[in-house]
């Protein structure tokens, strides 16, 4: 079966720095995948390659088998890939419902568009914020508004960059529930640091280290892997030659 | 852009325009009426940059280029055709095409804001230098001499369509200008209400997010920029009908003036630039009558003061004011 | 053969002129990432400074090479103190403010000196190359351009001040963390840029004529050169002047000076479509 999204030997170099180095990764339809790794491991750069913000130095990105390497951001978004960035990227001057209507990106009639947008807000439990201007919202609310915008066009795949950053324990718990619930309709790739959170959403985990894929396995096995511990504790480890999924 | 219907504003524009057309020609002397026509063309010009900069977030330092191209386009075409009605589409197509071409280079090349400002200004300056150098008989397009520094004083005014023998008198030209101003305002309102306009504003708010949601930012920017070029050209056409075209239309003074109108009037509104244009045009006209003071000096002082007086920066202050306004709208 | 030499000299003079009128703008852009829209008026003020001090009886060379840069450098210090300093980090506002200054300077100079053309003749005679005559002043400009660019390069490369400037250019935060005050560096950069512009204005005055609006004729070319060159101030100005100066001079030969300028703009626009960050955005990235 063809993967939903796959990369082949994907590389992104900045001058002499290999931020992403020969990464092979395949995400299946409906999958929930976690990417972990210490800061600077190349996860965010990898995301930016996937969304077309960076043009990879080498390698291929495929969407349902089709080569989309180097395509423009907007074209990739139209294929059905949504991204929630680590620091919410929002339309500060618009209201919440206006933002979601824009995110639907389709030519519905006015009333219809508004109804659909409200349904999305309803689903994320923030229908009460619909008429508020985005700039006035609190941090947690902003996170949810961005998520609503990402979910609105019903993408097949959603990339989530550190969705629990800055959240309390309680909020993290709710986020885990939300992510499992999102996973019923969309494939998800989640960059995360919080191991408890990853256990809670229980998925396949890919570990990045120095721009490469170190391990890819179930949560339990990854957490038991001594190499992963070394990486997180900052011990230097011998990188495998050509590791990958 | 909020859920509010713009019907009230549109109705107000229609009423004001009708009142101006009915009243002003009766109470103003000919010279003042021609001046009022100039003000209306300036207001259209301000509106064009108000759309491009205030809503599209595109800092265009060269809106005067489209103004001048519209004026020259009209003057040259009108001298070449018997029926000046046919000069109108040419006068509008030239600046719109120029804007589309320039916009294509800038937006598809993903040029930064600083470069964009400088390139638009440079194009204007070169048009200024070029038209200034077109004195002499070898510089003519068909029956129209370009006239170098002196411009084209002999431009025939508009006539009724199909009736080339009857050029419109100044009071009719005034009415045309006012109708154009109202039409541009209404067009602006409608565009901003449309899906296209909402996306344009969203891009101003957060270009990257718009792109990640699947919008081709370049196309929308090109669209609003071209519309701005078209409106700037219309302003030039009106100006050619009440004054006459000369290289001054492309000058640094004019380009700067448009920026100041929009800044003083308020970014992110349509009425603001119109008000700014009228007020500052009145100020510079008055300054021009003073023997000791140069209008450039006044304009420059206003610009520096406007930039310095807003400590958080012009654009954020304007955006914050806009948000406060919205908050009031949004409150139940 | 003589023709070829004469044309080559013309092209070199064109390149040198472009380099001279752009260098001050490039220094300010390279150091501060701000385009000084009052650059044309700095040229104009330099020309006035030269012509006024020459009329007051000063030696013409002293007036051009010493008084003009000092006077405009002083104006640059004042402008930096009163306006630019308040707008650090706000590039677009800085541009708008310098535009205001541009209009203000034109207005003020027109009020004081009137809108009439003054001028002085080129101080050097002409040189014969076979059957053609070339102006000695053109040769002088070529020399001046070489001296200026070598001078700026040497200062940046070999002096402690130049090291600080290069550091700030590369990474202002890091330079600040090392105890270098970026605002001081920017103040000096702006003053130096202004002084270079003043000198440029004096140098072009003999063939441009001196009017309050003379800047308008030259800034378009200077803007194009700096933007086409990109962020590296010396390599950018040098490569862009070389390319665009050639285009403009040959275009001028074939048609008129203004069409030469139009050709130059066309080349620049095509180049920017290919290299949105200018020549040095792609090539010579690590140079000064």
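Lettered A, B and C in written order, each chain numbered from 1.
Simple rule for what comes next: a residue touches a chain if its C-beta (ideal position, glycine included) is under 8 Å from a C-beta of that chain, and two chains touch if they have at least 3 such contacts.
Since the structure is predicted, the reported quantities are computational estimates derived from the model, not experimental observations.
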item: Farthest chain (mean CA position) relative to chain C; value: A
item: Busiest interface, counted in C-beta pairs; value: B-C
item: Distance between the centres, which are taken as Cα means, of chain B and chain A, whole angstrom; value: 44
item: Centre-to-centre distance between chain C and chain A (centres being mean Cα positions), rounded to whole Å; value: 49
item: Chain centre separation in whole Å, for chain C relative to chain B (CA means); value: 32
item: Per-residue multi-chain contacts in chain B, two or more chains; value: none
item: Sites on chain C touched by chain B in the complex; value: 33-35, 37, 83, 86-87, 90-93, 95-97, 99-108, 110-111, 216-217, 219-220, 223-224, 227, 256-259, 261-262, 265, 269, 272-274, 276-277
item: Residues of chain B that touch chain C when the two form their complex; value: 59, 61, 105, 108-115, 117-119, 121-123, 125-126, 128-130, 132-133, 251-253, 256, 259, 263, 292-308, 313-315
item: Touching residues (chain side chain B, partner chain A) in the complex; value: 1-2, 195, 198-199, 201-202, 205-206, 208-217, 319, 322-323, 326-327, 330, 332
item: Interface residues, chain A side, partner chain B - complex; value: 51, 53, 72-75, 77-78, 82-83, 85, 89-95, 98-99, 101-103, 105, 107, 131-133, 135-136, 149, 153
